[in-house]
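For reference, chains read A, B and C in written order, and residue numbers begin at 1 within each chain.
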Amino acid sequence: MTTPTSTTTFVKNAWYVAAWSAEIGRHLTARTLLGENVVLWRRQDGTPAALVDRCPHKLAPLSLGELVGDDVQCGYHGMTFSGTGQCVRIPGQAAIPPSACARSFPLVERYGAVWIWMGDPAHADPAVIVPVQRYGEPGWALVDGQYLHFKTNYLNITDNLVDPAHTTYVHKNTIGNSAAEDVGVKVEQGEGHVLAYRWINDAEPVPLVKAMGDFAGRVDRWQYYYLILPSVSYVDFGCLDAGQEHGEAERNGSRFRSFSYNFLTPETETTTHYFWLHLRNYHAQDTEADAQVVRLMTDTFLEDAAILARIQQEQERTGVREYVRLGIDNAPARIRRLVSRLQAAESDSVTTQTTEATS
Amino acid sequence: MTTPTSTTTFVKNAWYVAAWSAEIGRHLTARTLLGENVVLWRRQDGTPAALVDRCPHKLAPLSLGELVGDDVQCGYHGMTFSGTGQCVRIPGQAAIPPSACARSFPLVERYGAVWIWMGDPAHADPAVIVPVQRYGEPGWALVDGQYLHFKTNYLNITDNLVDPAHTTYVHKNTIGNSAAEDVGVKVEQGEGHVLAYRWINDAEPVPLVKAMGDFAGRVDRWQYYYLILPSVSYVDFGCLDAGQEHGEAERNGSRFRSFSYNFLTPETETTTHYFWLHLRNYHAQDTEADAQVVRLMTDTFLEDAAILARIQQEQERTGVREYVRLGIDNAPARIRRLVSRLQAAESDSVTTQTTEATS
Amino acid sequence: MTTPTSTTTFVKNAWYVAAWSAEIGRHLTARTLLGENVVLWRRQDGTPAALVDRCPHKLAPLSLGELVGDDVQCGYHGMTFSGTGQCVRIPGQAAIPPSACARSFPLVERYGAVWIWMGDPAHADPAVIVPVQRYGEPGWALVDGQYLHFKTNYLNITDNLVDPAHTTYVHKNTIGNSAAEDVGVKVEQGEGHVLAYRWINDAEPVPLVKAMGDFAGRVDRWQYYYLILPSVSYVDFGCLDAGQEHGEAERNGSRFRSFSYNFLTPETETTTHYFWLHLRNYHAQDTEADAQVVRLMTDTFLEDAAILARIQQEQERTGVREYVRLGIDNAPARIRRLVSRLQAAESDSVTTQTTEATS
């Protein structure tokens, strides 16, 4: 079994984090998203705007220009565009040709991030943005605004995020732990998501739980790795006193639980923006614990980034993604299959539209 | 209207500045011109010579070798070539095979520069080298020997050099001036050139004119942007006391006039050698004014270089040169059209020659 | 006559030096050989092992993993491979699928080097490793463990190693000597090798011979340049008192003789590993003479590396290897022809095997 790499892996009809809210202001920010150059800014009323970062006249990047009121003015000849992409001024020319416009992208601001829709704007429904659990709830500490750049295709990262098996080896210096190596992982698939999870029961609390929790004896520990298609991951982690029921009610009552969210936005086919935030219900007022989360998670993710960059290089060199599939690939393989279906649906829809347009 | 980029834009049958005269001496100078590697040197009598920078034997760059008398000796096996490209010596071998030759290029030295002809040598007529006005005339100060490297196709620069509209935006920190923004530009087309020009009448002298000129009151100011095909530009700039006639006679009598010449030589399809010189009839003995010209022009051209490099990148990424054409593109569009015609004529001529050769 | 470059020049069925013995130990060493990434290490009993440097699961480089006993453990999920390429462990999975294996390469350790066979293992006969003359014999000093990296195709180096004519020009600052320029070179071709040689008779000893030899008067000096296909070169150099017979017996009796071996291993089509060692029978106990050999040979080979890198660039730019063939190309041309035959034989054999496999 040899699986070739795909030449294109983007799902366009989805919400992606374009930037943390704090990054976007009364200045022009350039960023490549799903292979497209985008310029972002805020209007005077604070609402964000995004255009393709390319003047339709001579292709000068609009981000080299200036913000003039709510609009962006090209730095080459002063053509000015509103956040909807309409040209509102051409210096020295009264008539504005219809082709003098720049593509705009729907944006929504939520969870401290600016979300962008790179696909067909007709389907850009804010209701389908992934809900972030416990966000803003009392008793939950938030660490947000975190960013890393991965030199690998985003699906190599989604593979990794539903794959507890790699932690023993890749993260042996951070969160790895060979004890859990042989505990089986269960995989479930739902509408638009894949879940891999496991319980490690009746065990000594791991060091983090020992340090930050208040368990007298042994615990049952869970890890639920969710992947919401196409590329939002979250890990639900927590502990109960050993021997309790494992239902949602018990987990909701846990004194020790965290949600770790990773929002992956493809930059190009071979690089990925990695935005992450973290919520926890223990030591919620403890800013040293916040700093510890940032340090530990950053170190851990950088270990992933290092090996996934080398894997990307080998995939490019060989044109192959895998030569053998293992049992631990159950969840990753499901994600790849579902993403392929989303892509196929998008190209069908494009075909249908084209057919309609030409008939 | 979407205009694709061209894969090749070179006009070969034309004189290009290969180097300033002072650069070429009794040593070997390597330079890429119109995509070809060239080696230049001076013979013992001072005349310049140019060959393709590649030994026909094993392709060693001749510029790694040595100048031996009037000839260049390859640094690999000592094959020696005269400036006409003939092999005059093969160490250890008496017979010189006919294929043992290197292509030579016609050269002419004029205006302090070495001009090269990269096309069909049969058409290399020195009489068609662009005349540089006022060069060497008394009362005219010369600033020459100036060079910049642009990371953009040369036609992006010619576009720019007949386009006064960009100065307000690109050069807002140097020579830009929003007052002139709405003054219309007239365009004329002649045999082998395009001219864009405008008069700004009855206006306060601009700071440069105020500082260096001797006008009591308001002035009429002209800017004539010439583009001599394929890629020599000159800007004729000057002032008259407001209200005078605007004829050639009056301009010739002006106490304040400059000619700014830019000689563009394509290096590759995506990079350009930018040689420039400047002539003026004010403060002609003032060396501080010379230095000021160098500083101001260099700063201004570097602003062009920065934005045109980014435009080049976008053109390469998209394969598109423009999505919309504006009124200000009249002169640039004419140049592109005339250059395309020159290129078409060259490939016709090649076809004809080939047909003759094989029939 | 214009000879195009070849897209592939590797001969796979041959022994190549992969590394000096001292480089390979109880750690993982990554190296690219004939375009393939290879990981090398030593088992606990000291025998070397080599696998393709790529886990068959997700393509992680095995060299990023760890040595566990005799085996290499992947750093991503802990899949473990023996030196024969068999998977001996998949953490969390009992059954090992047949495709879970990594390609291994036959190795032989000889002459202080680890030799690798990148072709069909069925033909990997250690008996065909090039014999290194006088290696380990009393009275002969050995300088080994030397390495240089050349940015050129290996056949540009083999050309160079049977070509005394270039020394006058490329090595004018090291070993070059224009006196020998016109002494004819004889070329012989045998089973699997090409030999170019010359005698310079009745001449003053060259400086090296004067300094290190003990000749009272004039000498006859020989240079024999052997190229053992595909890419081992050795130079047999020595002197006799002028006027003696020139037979093998007399040369064996010479008081001044050296063998300089160069083992070329293609890294990629455009880069080459250059391993070299040197044997001499003069000043055999003199460690300062050893250091002098290293300095002189390194300086000389770096002069070759510099020009051959530029030639590689020109070959890539033009797709041409030579435009004219000279008399001095006799030996290089024979090598190219014999290498092409070896390549053709390999692809015939592959075709035959494939036909058998599918019939």
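We adopt the following convention: a residue touches a chain if its C-beta (ideal position, glycine included) is under 8 Å from a C-beta of that chain, and two chains touch if they have at least 3 such contacts.
Values in this document were obtained by computation on a predicted structure and should not be read as measured data.
Trainee: Enumerate, in label order, the chains that touch subunit B and subunit C alike.
Mentor: The shared contacts of subunit B and subunit C, listed by label, come to A.
Trainee: For copies subunit A and subunit B, work out whether under half or over half of the interface numbers are shared, and give different or same accordingly.
Mentor: Shared-number fraction below one half, so different.
Trainee: Hey, how far is the Cα centre of subunit A from the one of subunit B, in Å?
Mentor: Comparing mean C-alpha positions, subunit B is 49 Å from subunit A.
Trainee: Which residues of subunit A are in contact with two or more other chains?
Mentor: None at all.
Trainee: Sort out for me which residues of subunit C touch subunit B in the complex.
Mentor: 1, 159, 163, 165-166, 168-170, 181-182, 184, 307, 310-311, 314-315, 317-318, 320-328
Trainee: For a test of understanding, state which residues of subunit C touch subunit A in their complex under the given definition.
Mentor: 37, 54, 56-61, 64-65, 73-79, 90-93, 97, 99-100
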